[in-house]
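Here is the structure we will look at.
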């Protein structure tokens, strides 16, 4: 029973933090409903949704966590779809990042390379894939330090304690400092991010509306601006 | 030979730590009025008072007070201290450091007494022990003799059915000791209960003790009048 | 009239809490040997001993021991207790509960004594105080008189230049008190230091005190021999 | 402008949780000093044990235990009509669990250090063992208990992981200052995070200092 | 098969951290009981204050303070040739910071509860104030101190957020059990997480119980 007074509660993956700064007001301007966002690790959010967390919309950083909550009956399988595809970058604190390739990470000047934990962070798994594909994994793995999510991973490099970080483009774009280079998209499995409308929140209808908004031109434009690839679009140039 | 209202103590027991052991085995009859318990250091005086008060458990025997059984090994009767109505002035005094003198004494006043009256009574007892002026002060600032008197007031205020005093005047000068023992005797006259007084002071024993028991190494050595038992007083 | 080796105390001071106030102003000269400090409960005996030991700070005046200045208000001299070499047997004894009797006494033995010898000495002092058998036991299991004797042993073991005893025999029977005071006198003979003994026991004062000082309300009332000052002993 | 709502919520939750944990912790500590208790150290350690788990994981287990599909969760929802998880109640539970071992262990140590003779004296004066506990042991153990309570309060105020899982990080409802600071970091609003951290720390110090002075002036009298 | 390396590392780090935090905390507590100290409560509260921050955020500030671009980090790297962050040393620092306030506050309360007359007695027997502290105050405060140390140990063992930031999560090097459990939960290896959590909890309880019995049997003698 959706109440119009209830805000639309969104659980969103960490790489969406910055995009939502813009998505929220854009959506609210059109729909006169309030949106509140809880940013977190998709894995933890999925577990909470399974336990009845009152979210109307779940935007994960991959597809499997959404599969999980749908299977558990906490979200509506009919609404599940990919809303964006994340892109991997190598980020360094200095200004010389634009020309970096993944191969460069083998150089000894990269004493510490930060990636998100590949065990559970989608960008981490992609980073490992890319390093493996480049034949560097065994060489570099000694120098890897794991962050729990992309944001923390970036923090390690931003504070100068890691010499490079492999993170999402969305994050790199939001940094006032540093420079980055895209990682070849053929070198890792696509980071498809799925969403689903969930049932334990008080405003399922609002969740649906927001999901639609993300798929509409205005929403897509914002996601694109923050570095995501969109379903049905070819690999585009980086803005 | 104990009167109906007296305190009869027939117990054995021991105190032990990993490194020591002390056994006692006594038969004592304390009649209403003053009874002096006399004995060298370490003979078990404090131990026996604690056993009567229920702070130490005897191993066998029986303790009765005015016909009421406080402890009986055979029938597994062992009243907790708060049900015995036996007040004990500790050798170490054991004043409550977080309560002022009047609160210390009030702690002893029976809960059956109306709240408003409790403080009255506490102050009354402090006055009788010549420490009325300490009412609002905390024990840390009491002199040795002052503390002793507050402890006495607290015990008396609890309206006990038996009163056990472990060297209650040891830190008092002679005049004061005499005044207070007079107060004590007056109190016993009005509320006839057995009072057991542990003391090393022969003069005091003579003055107070019609009945003296001599303890040695956890056993009763003799009992009788002060004249009989402690003749060699100066 | 103080001898070179004596303890001279000319101080004023006060103790106060939010709710009380006690002022003292005394001029005392304790010669080598036994000095008795006598006075009613609350007259300031403990206070003065604490001031001499450096546990309380006087407000004005001067304390010297064997010519050495322990405290002087004018020159801002105020030696900390551990530099005064004044041993104090507390009325409350203050035995260390976490140390056994021998360790308690050993604590007092000067650090200059070789480690191996310290225990020897401690045991020796316990023997002299008739509590050698308590050596390995902890204070919680001592009787009142036993604790008092361990505290005495501890003070004596510290080889003080002055010894302050606050009712050290109050929990002892007469025989024991006599034995121990004899030990004490023997000790003073071998190590000539001033000893200040606070007591309420007139008989003891008579036996021990060539020099008695009578304190009242924080002031010296009189001083002289026991015969002069305390004639009315039984 | 900085959003002060999470701060207010944090203090609200921490105060309630500290109150609950204090009552519970002191009672538990009292039980742990009972003379004939069996398994004393095991019980005590079991109360401390949750501290060794990563808070988010502890929170996850709690979420499952208190969740809407658990027995406790069902009971609670039946009684109060609203689930305990993802609510302020959940945040209070989380903070309480963080504070409890600190208060319990500190209180137990303080209670055990109280001179047994004073409790004995109370008993001979007619006090039941409960009265002896309340009127003698407790006030004499107050320093240690108070130290535990202050630690518990700080811990409750700072709880992150357990709150995150059990209460969720729901803006306006369960977003405590701790979560808001973390959020700011995640969103790259580093200045906000630092500002909120500083305010939080300063406020906590102020509260702790005032509390210490309030409790101390009482005992200075003595 | 479960990987026991993180467990061993956790205990190693926690033991070292507890030792450091105990020495530091007891010393700090001693300073906090000095009679003429100015700003006593402010210092005490400042030591407690880090508890109110979310651990990852506290860890972030520490990472900045100790990091390779900080003065401390430079100094450390110059001295030891290796940065302190992302090392076991970093994990020890993280765990120490978690344990410190617990030990300090519990110790201070216990030290303040020691009967001042006993310290006075020690002084008149020729003990310096330091010797009085070490030989009289400390042993008499042992229950409270020990409670603080045990809390500190549990806290050190369970540290997650600060360790994560300062030590990184490097398998075989700085991946403590706490991190490993968290990883397992997030990776959906719930059975692994539960197993490791149970082992961790059981071991912690065992250590706490044994430690309690060891310290208690000493004082039972008395």
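In this document, chain identifiers A, B, C, D and E correspond to the written order of the chains, with residue numbering beginning at 1 in each.
Throughout what follows, a contact is a pair of C-beta atoms (placed from the backbone, for glycine too) under 8 Å apart; a residue touches a chain by one contact, two chains touch by 3 or more.
All of these numbers come straight from a predicted model, not from anything done at the bench.
Across the assembly, the mean Cα position most removed from that of subunit C is the one of A. When each chain is reduced to the average of its Cα atoms, B sits farthest from subunit E. Across the assembly, the chain pair joined by the most C-beta contact pairs is D-E. The distance from the centre of subunit B to the centre of subunit C, each centre being the mean of the chain's C-alpha atoms, comes to 29 Å.
For the pair subunit B and subunit E, the distance between mean C-alpha positions equals 49 Å.
With centres defined as mean CA coordinates, subunit E is found 36 Å away from subunit A.
Touching two or more other chains at once are residues 56, 60, 182, 185, 221-222 of subunit E. For subunit C, residues touching at least two other chains, in rising order: 17, 19, 92, 138, 140. Of all residues in subunit A, those touching 2 or more other chains are 44, 47, 155, listed in ascending order. Taken together, the subunit A residues at the contact with subunit D in this complex read 7, 9, 14, 17-18, 21, 36-40, 44, 47-48, 51-54, 149, 151, 155, 171, 174-175. Per the touch definition, subunit C reaches subunit B in the complex via residues 15, 17, 19-20, 39-42, 45-46, 91-92, 100, 134, 136-138, 140-141, 143-146, 148-149, 166-167, 170-177, 200-203, 233-234. On subunit A, the positions that touch subunit E within their shared complex are 41, 43-44, 47, 112, 117, 119-121, 144-148, 152, 155-156, 159-161. Across the interface of their complex, subunit B is touched by residues 115, 117-118, 120-129, 135-136, 139-140, 142, 219, 221-222 of subunit D.
Within the complex formed with subunit E, the subunit C residues making contact are 53-55, 80-82, 84-88, 90, 92, 94, 96-98, 107-108, 110-111, 138, 140, 154-155, 158.
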